[in-house]
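Below: one structure, written as C-alpha cells.
Per-chain residue numbering starts at 1, and chain names A, B and C are given in the order in which the chains are listed.
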Amino acid sequence: MIWEALFLGLGYNATLVTLGAAILGIAAGVGGSFLFLRKRALVSDAISHATLPGVGLAFVVMVGLGGDGRNLVGLLTGGAVSAAIGLLCVNWLSTRTRLAEDAAIGAVLSVFFGFGIVVLTYIQTMTSGRQAGLEGFLLGSTAGMLQSDALVLALAAALTLALVLILRRPLTLVAFDPDFARATGRNVDRIDLAMMAIVLAVTVVGLKIVGLILIVALLIIPPVTARFWTERVDRVLLGAGIVGGLSGYIGAAISAAVPDVPTGPIIVLVGAALFLISLLCAPGRGVVSSVLHHRQYQRRVHLRQGLLALAQGQPIYERLTQRLMEQRGLMRGDGVATEKGRAHAARALLDEARWHVVRNDQAYAAAAERYDGLTEMQKVLTADQIREIDARLPAPQGAMP
Amino acid sequence: MTGSEFVPLSLVPMLIGICVAVACALPGNFLLLRRQALIGDAISHVVLPGIVVAFLLTGVVASVPMLLGAAGAALVAVAAIEAIRRLGKIEPGAAMGVVFTTMFAGGVLLLEMSDTSAVHLDVEHALYGNLESLIWLDATGWSSLLDPQALAYLPVELPRMAGALVVVALFIAVFWRPLKISTFDEGFARTIGLRTGPLGLALVVVAAIAAVAAFDAVGSIIVIAMFICPPAAARLMTNRLEAQVAWSVLFATVAAVSGYVLAGYGPLWLGAADSVSAAGMIATVSGVLLACAALMGPARR
Amino acid sequence: MSVKLARDNGTVTDAERRLASPLAVRGLTVSYGQKPAVFSVDMTVRAGHMTAIIGPNGAGKSTLLKAALGIMKPLAGTVTVLGQPVAWRRDHIAYVPQRASVDWDFPTRVIDVVLMGMYGQLGLLGRVKPKHRAQAMDCLDRVGMTDFATRQIGQLSGGQQQRVFLARALAQGADLYLLDEPFAGVDAATEQAIITVLKGLRDAGKTVVAVHHDLSTVRAYFDDVFLINTQAVAEGPVETTFTEENLQTAYGGRLAGAQMDALAETLVTTSAGTSAR
C-alpha cells in the first residue's frame, strides 16, 4: 500500500493530493526560509490561527446567501481575509505600541482562534452546520475530498510555488540585508508585503491538507533543517524546498495508504525526522560535529597555555591542562617539563614572539587579523616573511618580555 | 437570576475561569517581559501529547497520570527548545515552532491511531475544553456553599485549579525580587549570585503547572490567551511592575467573568437558541480588553 | 618570571600579590565560537586604586570583565577575589553594566532600580523598610539624581541612566566596583559626577576597575592601567605603564600620529612599565 502510494498508484484523487502536498511543501519551505532568515518565523503561527474565524464566518455567510456553505474556495477566501486582518493586528501592535512582536503574535493567535471557536460552536447550533466538517481545517483532512477540491488545491499550490520562484531574488536580498536593500532603492515594505502574501497563500492552501495548527510547521521546519547544512542563502532556499517537498510527498502518501493516519501530523513528523537527522549529523553545525570541534578547540587552548606557562617557568594550576600535558608526554606528573615539552614550549614562545611583532606592525594588519592565540605563524605568513620578522625579534628566543 | 439557578450552573465554571485566568496571567507577566510570551503557546500545544502518552501508558482516563504526563511533556518541550536553540544556534522563535508542532503532531497521530474512541479524549476537547459542563448538580442555592454534603460533590476541577493558583501565586510572591532583578538586568542578577538559569526554568515550570491544571477544564486556547493578553494589556496601562501585575489580575478576572456570561447568555440576547464556547469567548474578551488598552492605555507607547 | 611593581620595595611573590588582590585573573581564555576574545590573560588589580582597562575595539575588554564576574563562562583560567573564588565573594563586588545590556522598557522606577542593589541585605522576602528607602535615596543623592526617583527608567537620558546604575552599585555597599564603559555616551556633567563619586570611593579605600575608551582622560582619572588586545599587553601604574610604546602594542599600530600627538601631554615617555608576560 505504502509503495503504491509513494508511486502514485492509489487513484486520481490521492495522486492529486500527494502531488499537491509535495508542491505545497516546496512552496512552504522556500517561502518559510524568508521568514526564518528575517527571524519572524512565528508570525506564520499567528497568520494560520487567524484563518479560523474567517473560515467559520465564510460558512455562515454562504449559508445565509442560500448555499450549502461548504464551498472550498469560499471558505479559503474567508480564511485569507481574516488571516490578513490578523497579520495587520500583529504589525500594528508591534509597531504602534510598546509590545514586542512575540507578544503581538501570541495575542493575535489566541484571540482570533478563540473567536473562531466561538463561531464554530455557533455553527454547530445551526441546522445546516452539523455536517459542516469545519473541524477538518484544524488538523487537515484529505480523506474523501471532492475531486474538484483536490484539483483546486493542487493548482493553488502550483501557483504559490510559481509566485515564490518569481519573487525569490528580491526576497533574498531583503531577507539578507534589509538596510542595504533599502539603500539600493528597493521598496522593502512592499517586498515584505509580498513575503507575507506568500506565507498567507501557503497557509490557506495548507489549511485543508495540513490543518491550521500544523501548517506553521511546514513553514518553519524546512528552513531550520536546511540551515544546518549550509551557510549560503541560495542553498538554504534549495534545501528548504527539498525538505518541504519530501515531507509533503511522503507524508501525504503514507496518509493515503494507511487508514486512520491524519495527513497533517504525518507530514509534520516526516519533516521533524529530517530535522532531527540534520540537527545531530550535519557537518559543521550539527550537534555531534560541534561538540567534537569544541572539545578539540578547548584542548588546543589548554595545551598552548600550558606550553607558554612552561616556557616562562610559571606553574600550571588547571587540572585539564596538567592532564593534557602529561598525556602528550610534555610534562611529568610532578609538573616538571620533559625534553619534548621544553622543545615544544620554546617553539610556542617563539611563535608568540613572532605574533607580537606582526600585531605591532601595520604592514601585517591582514595577518594580524587572523591572530587567535593558536594558529602557527607558518600557516599565515611565508617563510621569507617569517625570516624578516625573526630578524626583528629583540634577541634569540626567550628574550620575549 | 436566582441563587438556586446560579450556584449549581454558573458559579463553579465562573470560579474555575477566574482561577485559570489569574493563574496564567501571573507568570505571563514575567514571560511577557522576558520576550518569552510564546512559551505559553508552546506549552499548551504539547499538553495534548503528554496526556495521550499518559493515557496509553496507564490505560485509564484519570486526572493524576494525565496531569503528570502533561507536565512531563511541557518539561520535555522546554528542554528540547533550549537544546535546539543552543546546540543548533537557531533563534528561539524557530526552535519553538519546530518543537511544539512536532510534539503536537505526534500527539494527534498517537491519538488517532490508538483506540481512544471509547474514552472522552479528542483534539477538539484539548483545544477548547468544556468549561460549561463543570456544573455542581448537588448545589441547591447559596446555602450549599456551607453544606458539607453538597461540597463533597463539587467538581474536582475547582479545588485543583484553586490549588494551582495558590502554587503559582506563592511562587511569584516568594521569588518576586529575584524574578524582577533577573528579568530587568540578567548580567547584574548573576553578579549578585542569583542563579538566573534555574530561576528562568522554574518560571517556565510554574507556567506549565498553571497551563496543565487549566487545560482539562478549559482547553489550550484560553490558556494561551490568558498567558499573553491580560499582561500585555496591563503593560500598556502602567510603568510599574507591581501595578502591571495588579492590572493583569483585574483584566484576567474581567475577561473570565464577562466571557463566561457573554458565551452563556449573549446568544440568547441575540435571539439564538444555544450558547457558544465559553473558552473561546473568554479569549475573545481578553482580546477586546487588549485592543482597548492598545488604543487608550496611558503607557501604550 | 616575577613581576616587580615600581613602588614595592620588598620582594613580593606573584602568589602573594594575587592573594591580596581584590581581583586577580590568571590564564583566562574566553571565546565566542572558535575565536578567542580574551586569550590567556593574567591581571592583578591593586587594592584601593582605580584601574582602567584599555584597548582597541574588540580587544576583549568587556569580555574580560564579564568573565571575571562569572557572567560568562571561560574556556580556561581562574578568577579570584582576595584569594577566593569569585562566587564566594559576590557581596564584595558591585557591577555597572554597559547601558545597552538592559531592558530599558522594563516597568520599573529609578528608586526600584537602586533598591535592587540591596538584594544582598534584603534577601528573598525581607521587607523594604524606610531605612532602606532612605539609604537608596542617599545613593541617588551622591550621583545627583534624587529628583528623578519616581521616573520610569526608560524615560531618562543616557547619562542619567548611567548615574542610576552607579547609584545601584553604591547601594550594594561593595569593596570592589567593576564598571563597563561608564563614560560611553554620557554628557560632560555626568562624566564629572561619576568620576567624583569613583574617586570618593577610591579615597575611602575601595577598589575601582573600569573599562575605559577615552585615552585622553586616562591619566587624569586613573591610578593604574591594564592594556589588553586579546592578550594582556601591560599592566601597572599610569605614570610608568601608560607609554606610547605600550599603547602602540595594544592598538597594533592603529593609533595614528595625530592621535598620539594629542595624547603626548598625558603619556609618559619612559618605558619602565611592567609588562604582563
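Quick note on the criterion: a contact is a pair of C-beta atoms (placed from the backbone, for glycine too) under 8 Å apart; a residue touches a chain by one contact, two chains touch by 3 or more.
What you see is a predicted model, and the numbers here were worked out from it, not measured in a lab.
Engineer: So how do the chains connect up here, line, ring, star, complete, or something else (other)?
Structural biologist: complete
Engineer: Decide which interface, B-C or A-B, involves more C-beta pairs in contact, and give its chain pair.
Structural biologist: Between the chain pairs A-B and B-C, A-B carries more contacts.
Engineer: Determine the centre-to-centre distance between chain A and chain C, using the mean Cα coordinates as centres, and give it in whole Å.
Structural biologist: Centre separation, chain A to chain C: 39 Å.
Engineer: So the centre of each chain is just the mean of its C-alpha atoms; given that, what is the distance between chain A and chain B in Å?
Structural biologist: Here the centre of chain B sits 29 Å away from the centre of chain A.
Engineer: Just give me the whole-number Å value for how far the CA centre of chain B lies from that of chain C.
Structural biologist: 44
Engineer: Tell me, which residues of chain A touch at least two other chains?
Structural biologist: 98, in rising order.
Engineer: Which positions in chain B touch two or more other chains at once?
Structural biologist: Chain B, residues with two or more chain partners: 235, 299.
Engineer: For the complex, give me every residue of chain C touching chain A.
Structural biologist: Those in contact with chain A are residues 1, 26-27, 29, 31, 34-36, 39-40, 75-78, 105, 229-231, 248-249, 252-254, 275, 277.
Engineer: State the interface residues of chain C toward chain B in the complex, per the touch definition above.
Structural biologist: 66, 69-71, 87, 90-91, 93-95, 97, 101-103, 106-109, 112-113, 116, 119-120, 122, 124-125, 152, 154, 168, 172
Engineer: Quick one: in the complex, what on chain B touches chain C?
Structural biologist: 33, 174-175, 177-178, 180-181, 183-185, 187-188, 190-194, 235, 238-241, 243-244, 299
Engineer: Across the complex, what residues on chain A touch chain B?
Structural biologist: My answer: residues 36, 39-42, 44-45, 92-93, 96-100, 102-103, 105-107, 109-118, 120-122, 125, 135, 138-139, 213-214, 216-217, 219-221, 223-224, 227-228, 260-262, 264-266, 268-269, 272, 275, 279, 285, 287, 290.
Engineer: Which residues of chain B touch chain A once you look at their complex with the stated criterion?
Structural biologist: Of all residues in chain B, those touching chain A are 32, 35-38, 40-41, 45, 84, 87-91, 93-98, 101-102, 104-106, 108-109, 112-113, 123-124, 127-128, 221-222, 224-225, 227-229, 232, 235-236, 263, 267, 272-277, 279-284, 286-287, 290, 294, 297, 299-301.
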